[in-house]
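These are the structures in question, set out in turn.
What follows is subunit A paired twice: with subunit B in the first complex and subunit C in the second.
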Partner chain A sequence: MRKELPMIVTVVSGLVVVFSRYFHYGMQLGLMDTLDKWYLVSSSFAILLGIVNMVKIHWGYIRRRKEGWWNSIVLLLCLFGYGALTIQQTVDGPQAAWIFNNVITPGDSTMFALIAFFISSAAYRAFRVRTKEATVLLLAAVIVLLGKAPIGDAMINGWGNVADWIMNVPNTGGFRAIIIGAAIGAFATGFRILLGLERAHLGGTGAK
Partner chain B sequence: MFERLQTIDRRIIYLLLILVIALALLKPIGLPVKVGDNTKAMFNAIDALPPGSVLWIGMDLGVSTKAEQYPMVTALLNHAFQKNLKVVAFAMWTQGGQIFQQLVTPVAKKYNKQEGVDYLNIGYKPGNEMALRAMVSDINTGAAGVDQNGKPLSSSPLGQQVKKLTAEYVNFIVDVAAGDPGTTAYLQYVSTPEKIPMAPAVVNVSVPSEMPYVQSGQYKGMMGGLRGAAEYEILAKAPGAAAAGMDSQSLGAALIVLFIIFGNIGYLASRSKK
Partner chain C sequence: MLLAAEAAKPYLGVFAQGMFAQFVLMLVFAFIVWFMVTRAKAGMKIPEIRKINGLEALDEAIGRATEMGRPVHFTPGLGTVGNAMTFAAFGLLGYVAKLCAKYDTRLIQTNADYVVLAINEEIIRQAYLEAGRPDAFNADDVQFMSDQQFAYASNVMNMFQKEKPAANIMMGAFWAESLIFAETASFIGAIQIAGTASTSQLPFFITACDYTLIGEEIYAASAYLSKEPVLYGSLVGQDWAKIFVFAVILVGTVIANFQAKGNWLTTILKK
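Right, the complex of A and B next:
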């Protein structure tokens, strides 16, 4: 029953949600409101589960003195230290807010800002006129890159309009197709899960 | 000789990029920023709200997108407080509540707005889309009855006023989103079924994926990237970090294009040599 029980729970849960959302009698019973509350409670427990898992993994690294184990000490100290601080004085308390504004915010935004440099270097190396398609891609990239910044219109009046056309017509058309395809794919996957044909979410090898 | 243009050391690229960006920030050129249709549409939709209307701001971002999205929130708050709108903020991302608190404090002080009366920070609550769904039935269920600081929602006038996330209590939604969960959750679970107009304020990389919904009219405009934030600041007559960053963005983009051109000159030179 180790594989069958989770699958039965998945199928029954899915059918309950479908019944309560799409059938008149199900909507009358008001099951969705109850299920929403259950989901909220279980997602709060999921956060606790994540914390327990993280502590278990990093405690293991510390005990085994795995390479870089001192990073795990720092992580656990920050996790419990900041957690205790915010419980004691709320997230907007003086010390907690100071740590958030002066340590977390600059650190996190700096890591994201580094992407700008990687993209510059990658664009320089990747955008080559090797084929006709690559040339079209290069031209579109240059037009949109300069058109979306004020410098495009400053250099040539109307450059921004060309960039807008590329974004509004071919780009949006392509993305519309991707969104529709993804929605159909998600529906098909959900249907397969309900029928018990898809088992990847159970930790198995995938489809039956 | 030209072949070497395709193998420029990346450190030179990084150094030049830092220099042009810093230079543009220290000595702004003042390139004019033309306001786009999407930002204008979003601004007009919010501008048309009568005083006292409730603007719901989804704070679905982290500090990593600070450069692009903090100016968006600040510009929105400036506009909302100029129009005497009530602002309610809710976050599906863990840092969203703290970010809102950090940004709203100076703007509220500028316009003499009071927490609990003119704005309310519900903060982060776990549950993603299900928290939104629960709020459609009852704000207290989705928010666990408390705001960002643990104070009961019922203890503030605005918390008592906004009972549900429906058109009866909320007049417009702006979701400031850096990814998922974000705009799609609001569109699916709130805006469409409850018929509350909404507009997204998203990072530049998300703009292409949001365009189909703007064109279909499901979104009443859009604020896209730092350029969108700068445009909104200009419309709200509250220029800030986004407008100041436009020159840097322009010069940075120009530098990248210049290196792309160099790289291709080098590539074509090496190809013709062969």
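Right, the complex of A and C next:
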């Protein structure tokens, strides 16, 4: 029953979602809302799994004095310290909000800013004229980059229109084709799960 | 003077409003997939599936990590368990974990969702058991890092610098952190296999990774790797469903060119 019971729960939940979405009576019963609430409640308990996992791993690093173990002390102090603070004064409390706005948010912004440099290094490696595809990629990138900046139209009148055409026609067409394929692929995966053919989420190598 | 609005007519249909056409399309797709699965179950011939280079390269990537004595890293991205791409990652993780168990290669698996963490830990544990190496499974290598996007990204960057995995496998739902992972792994010389259906991140993976699975290829992963005829049949069914969609698009394009407003196809599809 270790694998059969989760599979039964999965199939029944999937059928409930189909019934709630497509049938008027299913919508009126509000089963989707009920399922969503159950998911929220159960995933809230699952937070404990994440906390236990982090504490176990980082406590092990501290005990074994693994390289950089003092970072683990800082992490555990922040985890429990900030957790206690938000329990005491909620996330909108003065100190909790200050920490979030002045420590966490700038940290996120810093990491996001790094992406600009990573894009440059990735582009430098990718835009080398070694194959036909790389050449086409390079030409398209040059046309679109210059077209999106004022310099393109300043050099050649209408350059921006060419860049817009590349973005709106072949690029959008390609993206939509990928989205259609991915949507059908997701449907087929869901259908395999409903039929019980796909069992990867139950453990092991997955297929029946 | 009272202006009484006319009472709204109650809706008495069986199907939810605007859902009939979707339901019929869903049945059509389900029939196509079911038909091919049934053909495969009956042992009838089904069309071959083309080679997917990224999946064929998995053995090479893990073998490379084994030879270099460095670990393999696997991440299912930032998606929750309700995301179809995360489900696709589960199938691949089982295969990767079984190979790592067989070759005695360390597998570091990082997570940004605690529910996904629990599922992945069980998948890896079961894979090691199936490979006959339950003793080699290390629960400390299945790590929850953070559910915040950039906290997770910075943790993974730090892990890359410390552990220097020789193979980086990224399969699932990714957002802005995808390029951070890919570039950092590139700096440490890891071979990279990535797959996502997030169209905004595909260009980053294609430029930075050695092999990229695009869109539907990630949903084919578990079926492709298991080599089971029944699952192969579902992949063929998926392709036939795509052909059906393209036929509808073609017909719709022709009709729209002659009858832009109120054509019968859009009327049917809106029901």
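Please note the rule applied: the second predicted complex is superposed on the first by the 183 of 208 C-alpha atoms of A that agree within 3 Å, B and C clash if a C-alpha of one lies under 4 Å from a C-alpha of the other, contacts with A are read in each partner's own complex, and residues count from 1 in each chain.
Convention: a contact is a pair of C-beta atoms (placed from the backbone, for glycine too) under 8 Å apart; a residue touches a chain by one contact, two chains touch by 3 or more.
Worth saying up front: this structure is predicted, and the values here are computed from it rather than measured.
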Inset, instruction - Using the touch definition from the top, say if A:S43 reaches subunit B (first), subunit C (second), both or neither. - result: both
Inset, instruction - State whether A:V142 touches subunit B only (first), subunit C only (second), both chains, or neither. - result: first
Inset, instruction - Applying the touch criterion given at the start, work out whether A:R125 contacts subunit B, subunit C, both or neither, answering first, second, both or neither. - result: both
Inset, instruction - State whether A:M54 touches subunit B only (first), subunit C only (second), both chains, or neither. - result: second
Inset, instruction - Would you sort A:Q95 into first (subunit B), second (subunit C), both or neither based on which partner it touches? - result: neither
Inset, instruction - Figure out whether A:S13 sits in contact with subunit B (first) or subunit C (second), or with both, or with neither. - result: neither
Inset, instruction - Scan A:T34 for contacts with subunit B and subunit C and give back first, second, both or neither. - result: neither
Legend entry - Touching partner for A:I151 - first (subunit B), second (subunit C), both, neither: first
Legend entry - Residues on subunit A lying within both footprints (that of subunit B and that of subunit C): 39, 43, 46-47, 104, 108, 111-112, 119, 121, 123, 125, 175, 178-179
Legend entry - Footprint of subunit B on subunit A - complex, ascending: 32-33, 36-37, 39-40, 43-44, 46-47, 90-92, 97, 100-101, 104-105, 108-109, 111-113, 116-117, 119-121, 123-125, 127-130, 138, 141-142, 145-146, 148-151, 153-154, 160, 164, 167-168, 171-172, 175-176, 178-179
Legend entry - Complex contact set, residues of subunit B against subunit A: 6, 8, 10, 13-14, 17, 31-34, 36, 62-67, 95, 97-98, 101-102, 123, 125-128, 130-131, 133-134, 137, 141-142, 144, 148-150, 204, 207-209, 211-212, 215, 225, 227, 246-247, 249-257, 259-260, 262-264, 267-268
Inset, instruction - Using the touch definition up top, name the residues of subunit A that touch subunit C in the complex. - result: 18, 21-27, 39, 43, 46-50, 53-54, 56-57, 60, 67-68, 104, 107-108, 111-112, 114-115, 118-119, 121-123, 125-126, 175, 178-182, 184-193, 195, 197-198, 200-208
Inset, instruction - Going by the contact rule at the top, pick out the subunit C residues touching subunit A in the complex. - result: 11, 13-17, 19, 22-23, 26, 29-30, 33-34, 37, 80-82, 84-85, 87-88, 90-91, 93-95, 98, 114-115, 117-119, 122-123, 125-127, 129-130, 140, 142-145, 147-151, 153-154, 162, 176-177, 179-180, 182-183, 186, 197, 199, 202, 204, 206-208, 214-220, 222-223, 226, 228, 230-231, 234-235, 237-238, 241-242, 245
